[in-house]
Amino acid sequence: MPVLGHTQYGKAEVRVVRVYRDREPHEIADHNVSVALSGDFTDTHLTGDNTRVLTTDAVKNTVNAFAKEAGDAARTPEVFGLELARHFTGVPQVSRVRVGIETYPWRRLEHAGTPHPHAFARDGGHVRTTTVTRTTGGDEWVTSGVTGLVVLKTTDSEFHSFYTDRYTTLAETTDRVMATEVTAQWWHAEPPGDWNASYPQVIDTMTSAFAGHHSLALQQTLYEMGTQVLTAEPGIGEIRFSLPNKHHFLLDLSPFGLKNPGEVFHADDRPYGLIEGTVRRDDTTDPGPAFDPGQGW
Amino acid sequence: MPVLGHTQYGKAEVRVVRVYRDREPHEIADHNVSVALSGDFTDTHLTGDNTRVLTTDAVKNTVNAFAKEAGDAARTPEVFGLELARHFTGVPQVSRVRVGIETYPWRRLEHAGTPHPHAFARDGGHVRTTTVTRTTGGDEWVTSGVTGLVVLKTTDSEFHSFYTDRYTTLAETTDRVMATEVTAQWWHAEPPGDWNASYPQVIDTMTSAFAGHHSLALQQTLYEMGTQVLTAEPGIGEIRFSLPNKHHFLLDLSPFGLKNPGEVFHADDRPYGLIEGTVRRDDTTDPGPAFDPGQGW
Amino acid sequence: MPVLGHTQYGKAEVRVVRVYRDREPHEIADHNVSVALSGDFTDTHLTGDNTRVLTTDAVKNTVNAFAKEAGDAARTPEVFGLELARHFTGVPQVSRVRVGIETYPWRRLEHAGTPHPHAFARDGGHVRTTTVTRTTGGDEWVTSGVTGLVVLKTTDSEFHSFYTDRYTTLAETTDRVMATEVTAQWWHAEPPGDWNASYPQVIDTMTSAFAGHHSLALQQTLYEMGTQVLTAEPGIGEIRFSLPNKHHFLLDLSPFGLKNPGEVFHADDRPYGLIEGTVRRDDTTDPGPAFDPGQGW
Amino acid sequence: MPVLGHTQYGKAEVRVVRVYRDREPHEIADHNVSVALSGDFTDTHLTGDNTRVLTTDAVKNTVNAFAKEAGDAARTPEVFGLELARHFTGVPQVSRVRVGIETYPWRRLEHAGTPHPHAFARDGGHVRTTTVTRTTGGDEWVTSGVTGLVVLKTTDSEFHSFYTDRYTTLAETTDRVMATEVTAQWWHAEPPGDWNASYPQVIDTMTSAFAGHHSLALQQTLYEMGTQVLTAEPGIGEIRFSLPNKHHFLLDLSPFGLKNPGEVFHADDRPYGLIEGTVRRDDTTDPGPAFDPGQGW
């Protein structure tokens, strides 16, 4: 007989922009907030009885209202997410809340040679991500992350001595272009003192590791980046990476009488290698649902 | 101390098109194949020793070669995926394989009033999805699915009598437009006799349920769709849905002296409600890793 | 000295959905409407004096209100566009209006084996486009068009005997897969009797021509498609095509001991050939601004 | 009778990456190049006779080969485009060439506190664009441009005293958030001394104008930005802007007992105002085909 399994629901992609204009210069926080609620919502599925359903419209209203009520806390996505999660676990029929936030960076524009107090440009390089998971028992898990961080090195990357089978035709190389678009997410076993300081420190550690590492495989680079982040940030218990290998293929220019000693490449779209991996601290507790999006697929 | 956790890697988005031209009319199979391998790949992460690494280039070659070698099997994504998965679990250091396939539907074009044997148009309505997960022990899990299936009903949808809190301002309604873009995935506890017949049957059952159901909540519609699919297809053990509520807001035309009795709507982009849920058979075994993408986030 | 040149402004992408529920079965019209106004708007640019500026918010309101006021006319994008254009050229300071509409097709869902009167699925194959340009003198130009129409033929396509230079390495072929994603726009020198009948007839003529034509170059196919449309539809004065050559590269499977006689292809994303061309009637007047988006780049 | 009108063809989106590794630190140029050729190509359309058709594959090869042959010139998209255009107008049957280039900016990564000689991150803020148009007569037109430059000001923007009609409901405001995503293209009546210095100067002038201007309408801001660019760069003859008004709607938080004095906004996706305009120098010659994409729609 068909029965109801796991469910969750909420409002996705609430695009709330908070302006701080009670100070000079003005500041801005630009978030895309998604909230997923789990709990005792069987009735609405089985009979359409919505008595226990907090509307997704109210979820949206709450996000917007908290952008005001939270005051300065709305500048820090991890804290903003925690305040929202604590609110929603107070709804009686909710047992678990997951708040996901994408935060878009802005930089201050210059005018007449000095930073302007009211004007900004979107800094498109990458997006900061946050997830907060909270259960009614009061347990909380916070991850921070990044997406869209494209990095490339022009040398210091080899790939050879690999396993071969009858479908292997790849040539070995001791010098290639390596590029990837980093998606990463790290779980704070202990919260840092300052969330807004921690995030750029992790990005700096990660990109510095990418830059300085002589790579024999993208997998090795991944592990190096993870290891350096965990070493630099003792509160981080685990970090997960998804690294597409953005292939740059050396072009054969010999038909045109040209040599190409690692100078001209075709940046291909698809297919791409996809390298995923986790680096964790061996003395940390289990991350529980920190990385669990809830629906499981 | 940092240690390596779960890893997987492979080639993503191999865009292989198989033409069957040894028959009249010609046929076409259009797949986007991604393969993820897990197993004994610690060395490449820790030391850059690639001795055990099957290159992602070889993974791509294998997908392309199998599109030829598999013959007619490449027309059926579930079977194509199984053949690939069985091959890759034969690579010694691999313990688990996950093959994901997106299959793009094409319809035959007409010429001079009759179906043309060699010409096709992409049927953009929705994309058929398949995942095959296989472990070296020989256990196999197959899911089929759909993404991009946009459906809408102009009436027969109510939403009222819901829970209210201080952030609730939504008006109740007994007649609204309901629309969603169905992403669904169902696990075959038992394989159907004919995969290529099973898929359109599930889609028909799902859309017929959506059409015929008088809805009190999108959650109730989700459960109805899932229940009808499980009832019609006894081999399906579990189905999971992700249903964005694509809001159509009734426009207030009264400032222009116009009534709007459910006729003119604004189709909004963001935010959207996101309703997710599972319907499973109560006498089926656990789906195991059938829905597990591997990296867990 | 800097001076103001051509300007235009308006509201873009008004997503209005019109439901016809005063009949059984219900019908639906789903439009994405953009309006651009040109005229005497110098003051707002030079001094910020908005006295003559009809707000883009009012433009949006007008589109929405007309979806009600136009009644059945809103089902036909060309007529809906004409009504909007005639309204906006009545705004005193406007000298030229351009209305662009994307119309999304829906098909009726089945329930219990019969078409359901209230339920639909988006028919994602392609999007119908319309532009109406009107000047205050009362001149009107209407184009219809299509975008996203992906077609492919598995044979009946050759490409050889081409010009060669020192950068030419392409092999000649007498049998290849040819695929393109048709964007086309045709100008009605005379309006057809029934716009909603004309559109599918043009699509059928175009795809039938694509299917039946033995192609020596995508350029030749383009000309054949245009010629057949103009021949079948005497009111159409000119048709313009933009045809990306979606390359399907025959894969070399010989390293794996496999022959590949036109069976397995890689569908590449970029780069792509881009073939653009116009077919017009030699006895038709100039299309004037029919194809002119206004800003000129 | 149907006849052939204007045509053009070429290869679009050649993704060529040039690495300069003969110096320390390494440098990188990352281009997306599209080439469109017009000329005597009637035969291929009418009869499939390709005798005069330079293949689009050869066009791609030429772009790639020139990335090597052009040496340092490939670092400057305007110069790279000019070299390509001069080459292609040397093909006998070509009468006009248009080269379009998107150039992706990269910034150097740091490692151990110093800039790393071989590692980069994509600087996603905006994309530099270039077009070069050349005819066989030797006339050349070069435009530079930008796309994806998102800017926002938190105050110093008013919008009121506008024209009203029966569809106008917008409230007047003396303080709003103004945001836009700048697409601009400027024609060099005279080439600057240093293309790679000119581009950031124009961006700086444009964003400084946006920041410092007290705006009564986005149209006025557009004109101010254009005027300041033309004033600062005497070689630029004309600049064209396309400025979507990315609406930030002040949220009504009063149902929740909250005031919202310009602090919390909803960033809406669609519809959006679209403001387009040209600022030109009154003593400059006509830009000719500088802004003309060729196919005219």
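The chains carry the letters A, B, C and D, assigned in the order they are written, with residues numbered from 1 in each.
Please note the rule applied: a contact is a pair of C-beta atoms (placed from the backbone, for glycine too) under 8 Å apart; a residue touches a chain by one contact, two chains touch by 3 or more.
Not measured: the values here are computed from a predicted model.
*Asks:* Could you name all chains that are in contact with chain A and with chain B at the same time?
*Replies:* Chains in contact with chain A as well as chain B: C, D.
*Asks:* Give a one-word verdict, same or different, on whether chain B and chain C use largely identical residue numbers at their interface, taking over half shared as same.
*Replies:* Since more than half of the residue numbers are used by both chains, the interface counts as same.
*Asks:* Looking at C-alpha means, what's the farthest chain from chain C?
*Replies:* Centroid comparison gives A as the farthest chain from chain C.
*Asks:* Counting C-beta pairs in contact, does A-C beat A-D or the other way around?
*Replies:* A-D
*Asks:* Would you mind pulling out the distance in Å between where the CA atoms of chain C average out and where those of chain D do?
*Replies:* 24
*Asks:* List the centre-to-centre spacing of chain A and chain D in whole Å, with centres computed as mean CA coordinates.
*Replies:* About 30 Å separates the centre of chain A from that of chain D.
*Asks:* Taking each chain's centre as the mean of its CA atoms, how far is chain A from chain C in angstrom?
*Replies:* About 38 Å, centre to centre.
*Asks:* For chain A, jot down the residues that touch at least 2 other chains.
*Replies:* 15, 61, 65, 167, 169, 255-256, 269-270
*Asks:* Spell out the part of chain D that touches chain A in their complex, as residue ranges.
*Replies:* 15-21, 26, 28, 30, 61, 64-65, 67-69, 106, 109-112, 116, 118-126, 148-156, 177, 204, 207-208, 210-212, 248, 251, 253, 255-256, 258-269
*Asks:* Which of the residues in chain C end up touching chain D in this complex?
*Replies:* 1-15, 34, 36, 41, 44-58, 60-62, 65, 91, 93, 158-165, 167-170, 185, 215-217, 219-220, 222-223, 226-227, 230-231, 238, 240, 242, 244-245, 270-283, 291-297
*Asks:* Okay, in this complex, where on chain A does chain C touch?
*Replies:* Per the stated touch rule, the residues are 166-167, 169, 255-256, 269-270.
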